[in-house]
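Input: structures, listed below.
Each of the next two complexes has chain A plus one other chain: chain B in the first, chain C in the second.
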Partner chain A sequence: MTTFNLNADQQDCLQEIINVAMGQASDQLARYLDTFVYLKVPSIEQVNAQSLSNSLSQDQQSIAVVSQGFFGYEGIRGEALLVYQPQDSDRLADLLGYEPGELSVEEQIIDLSSILTTTFLNVFASQIDNQMSYSAPRLLSAGVSSVSEHLQQLSFNWDMALKVKISYQVTDYSFNCDMILLIPESAITNIKTVIDRILDEY
Partner chain B sequence: MSVDTFCSAIINQLNTGVLVIDLDFNIVKWNRFLEIHTNKKPENAIGKCLFSTFPELPQKWFERKVASVVQLKSPSFCSWEQRHHLFNLPHTRPITTDSKVMAQNITFLPIETQGVIEHICILIEDVTDVCHYQSMLRQTLDELALANRIDGLTQIFNRKHWEECLAKEFSRARRYGHDVSLIMFDLDHFKRLNDTYGHQCGDMVLMEIAKLSQSLLRLCDIFGRYGGEEFAIILPETDLAGAADVAERIRKGIGKLSLTFQDKVITTSASIGVAVIESHNNRYEDLISNADTALYQAKALGRDRICLSQQQTECIELG
Partner chain C sequence: MSSSVLICDDSNLARKQVLRSLPEQWAVKVQTASNGLEALEILRSQTIDVLFLDLTMPMLDGVGVLQGLKDENIDCSVFVISADIQPEMQSKVLDLGAKAFLRKPIQVDVLTNNLQQHGFI
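And then the complex of A and B:
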């Protein structure tokens, strides 16, 4: 299945923009976290509402999901979901450079999510001459049902989502999380327009 | 009117705190919202250190937060749900909410001057209302959840919730090879009580029996109203003999109970069936039906007694 019905050129272009954004974001993260960050080329896939809902329900019980809205010029908008497994949250405070006990696990997860989302999307936006604004990240109450419910109740009608799987590996420390960008159909059309313009200029 | 005056007029009318600091944590600017809520004159704040103006701020945390905004050039957030507030400010609903300090959603924004971040803008939103309604909602949901589990008359677990508990305890006992016992008891001649003294009397007796039985149980026992005048108790980690002891305590307690209704002394008794999980029981319903059979036996043998369910049912005679 092609991503968002993009043609081969458009798809390559999107993958390239995301790769570059990922690279720069991880570079910034490494500096900020003051440790070596290794990451694989992000896998990008298209998921529809039903299959995403299903795949989240099949996951372990107590996943944490953080949601953060983003919006930029030219109608590019959506919602980022950061999905964590419980075992990933053990040493986040340490990684983020906070003192033990200084912030709760929830706050750590939210903080990290915001950092992952905004660093990635900031670079992504600048790649396409755009600029993003963000809503405050929210921890969706733990538990699978609430996540599936959330997906069904999203304020916009989204048909497809871009699932960017990021695996961060940090020296002496490892965690995985999936970043899922939910993008409404109208915004997908807008992204295509932007991609076409980039391809034209190229 | 110049754009600057225009902007500052608007910023001063905002119902949101706007605070600009430099990277040495000195206050560069703030709006009227903050001036009013802190009750400080600008000359006592502008140019002063943020942490001396707001000594309540968690300094190390705050510095780390600002460092992330500067380094990553991206906004950072702090929600009342994780931290109720950062700045110790009063709010506008001190009478109608129980909160003393303004609940806040805070945004840290990087402000670039010619491509370099030299300032951080901190937006402070008053979300006391949201926080208040959210806690009211949570309280209501808790009450609803409780109401959904409780029998309205006797205030013990209702049948539905009790049965869910049994299903859980049963499968746990089976998985780990532990004991779980079940006591089911029924008030003797309850219909006669209702017919003679009326349903209000019957209700009173049910409430008192529930209260008494609950007081004779251990903390981990799960007590519910199974239906009408029938009650049921799950006893985790308890063998048949242990459950029989509890049942006997309850039978004696009920027998001794003397209640008054409209100046008449009411006494009652209970027939009790006791069962323990057996290796061939695959479903929790098996346990119910064993206890129920024992209960039926206790009735058949003349009431006010306990019958134990086993390969051969044995009965403790009224003593």
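And then the complex of A and C:
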């Protein structure tokens, strides 16, 4: 299934918009970590509500999820989830180079997530002639049940989500996280309209 | 005589963006490639004056193409057009012989200025 039932041209356009957003988010990450980040072509897929809950539930190990809402014009809104596996959240302290006791691991994860989310979405928004504001990022306490509860409590209905798999390879570490954008259907329709407008220009 | 131009990017939209951004007064014959391997094939068999090169691509990335040009002594002016804007990446491609690093999405005036600066228009 193609993402959001996009045709090949629309999918290519969305992929390119995401590439540009990823590039700038990675640049911020590289500056923040004072290192070089090797980029791969990001994978983008559509997930539905049920399969997302299932895929999160399959992972019985504790995962860290940072959730942050975003709001733009013309009904573009959603929730960004950054999902870290245990081995990656454990690496964070090393990666970030914080002194012991300086900031808790929780605060470090929130810091990093907010940088990635806001940089990515700001660049994404500017390419579709939009502008985002954000709610405060929250770390959902470890465990699948609290994540599922959180997803149910969101103030909008979402049927589909855009899952962007981000794989950052830092020279001395291999660090991965998933960015999942939950977007209500009305916002998806709007994004499609903007994509068609961009395609018409070329 | 017109210049021979190759646009290498895995995104169809990005290739079109570059194509549409080329200055009107520049007489060119344009070809495209959708990954680094395709680009190298073309560069080996034909004389290409200017290559517009993306970095993050499947099969063979832009750095691999620059390395290949260097290893095989293929003479071609390369303008990298990429979303991977990290300073370290920019200096890496310039060290490998690229004429300039241009950030995505490509801006018409930036491209024109760079082509002027390097004497193509």
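To be clear about the criterion, the second predicted complex is superposed on the first by the 195 of 202 C-alpha atoms of A that agree within 3 Å, B and C clash if a C-alpha of one lies under 4 Å from a C-alpha of the other, contacts with A are read in each partner's own complex, and residues count from 1 in each chain.
Please note the rule applied: a residue touches a chain if its C-beta (ideal position, glycine included) is under 8 Å from a C-beta of that chain, and two chains touch if they have at least 3 such contacts.
All figures in this text were calculated on a predicted structure; none of them were measured in a lab.
> Return first, second, both or neither, reflecting whether A:Gln24 touches chain B, chain C, both chains, or no partner chain.
Touch status of A:Gln24: second partner only.
> With the two structures laid over each other on chain A, which partner does A:Glu106 touch: chain B (first), chain C (second), both, or neither?
Only chain B; A:Glu106 stays clear of chain C.
> Please indicate which partner A:Glu16 is in contact with in the superposed arrangement: first for chain B, second for chain C, both, or neither.
So A:Glu16 only meets chain C here.
> Would you sort A:Val37 into first (chain B), second (chain C), both or neither based on which partner it touches?
After superposition on chain A, A:Val37 lies in contact with chain C alone.
> Using the superposition on chain A described above, determine whether A:Glu45 touches chain B (first), chain C (second), both, or neither.
Neither partner.
> Answer with first, second, both or neither: which of chain B and chain C does A:Glu185 touch in the superposed model?
Neither partner.
> Given the touch rule stated above, what does A:Gln127 touch, chain B (first), chain C (second), both, or neither?
second
> One more residue to check, A:Tyr202. First (chain B), second (chain C), both or neither?
second
> In their complex, what parts of chain B are in touch with chain A?
Per the stated touch rule, the residues are 58, 60-61, 64, 67-68, 71-77, 79, 81-83, 105, 107.
> Note which residues of chain C are touching chain A in the complex, please.
It is residues 10-14, 16-17, 20, 55-58, 82-86, 88-89, 104-105 of chain C that touch chain A.
> Okay, in this complex, where on chain A does chain C touch?
Going by the criterion above, the answer is residues 9, 12-13, 15-16, 19-20, 22-24, 26-27, 30, 36-37, 39-41, 127, 198-199, 202.
> Taking the touch rule as given, give the residues of chain A at its contact with chain B in the complex, in rising order.
28-29, 31-32, 96-99, 102-104, 106-107, 110-111, 114-115, 118-119, 122, 134, 136-139
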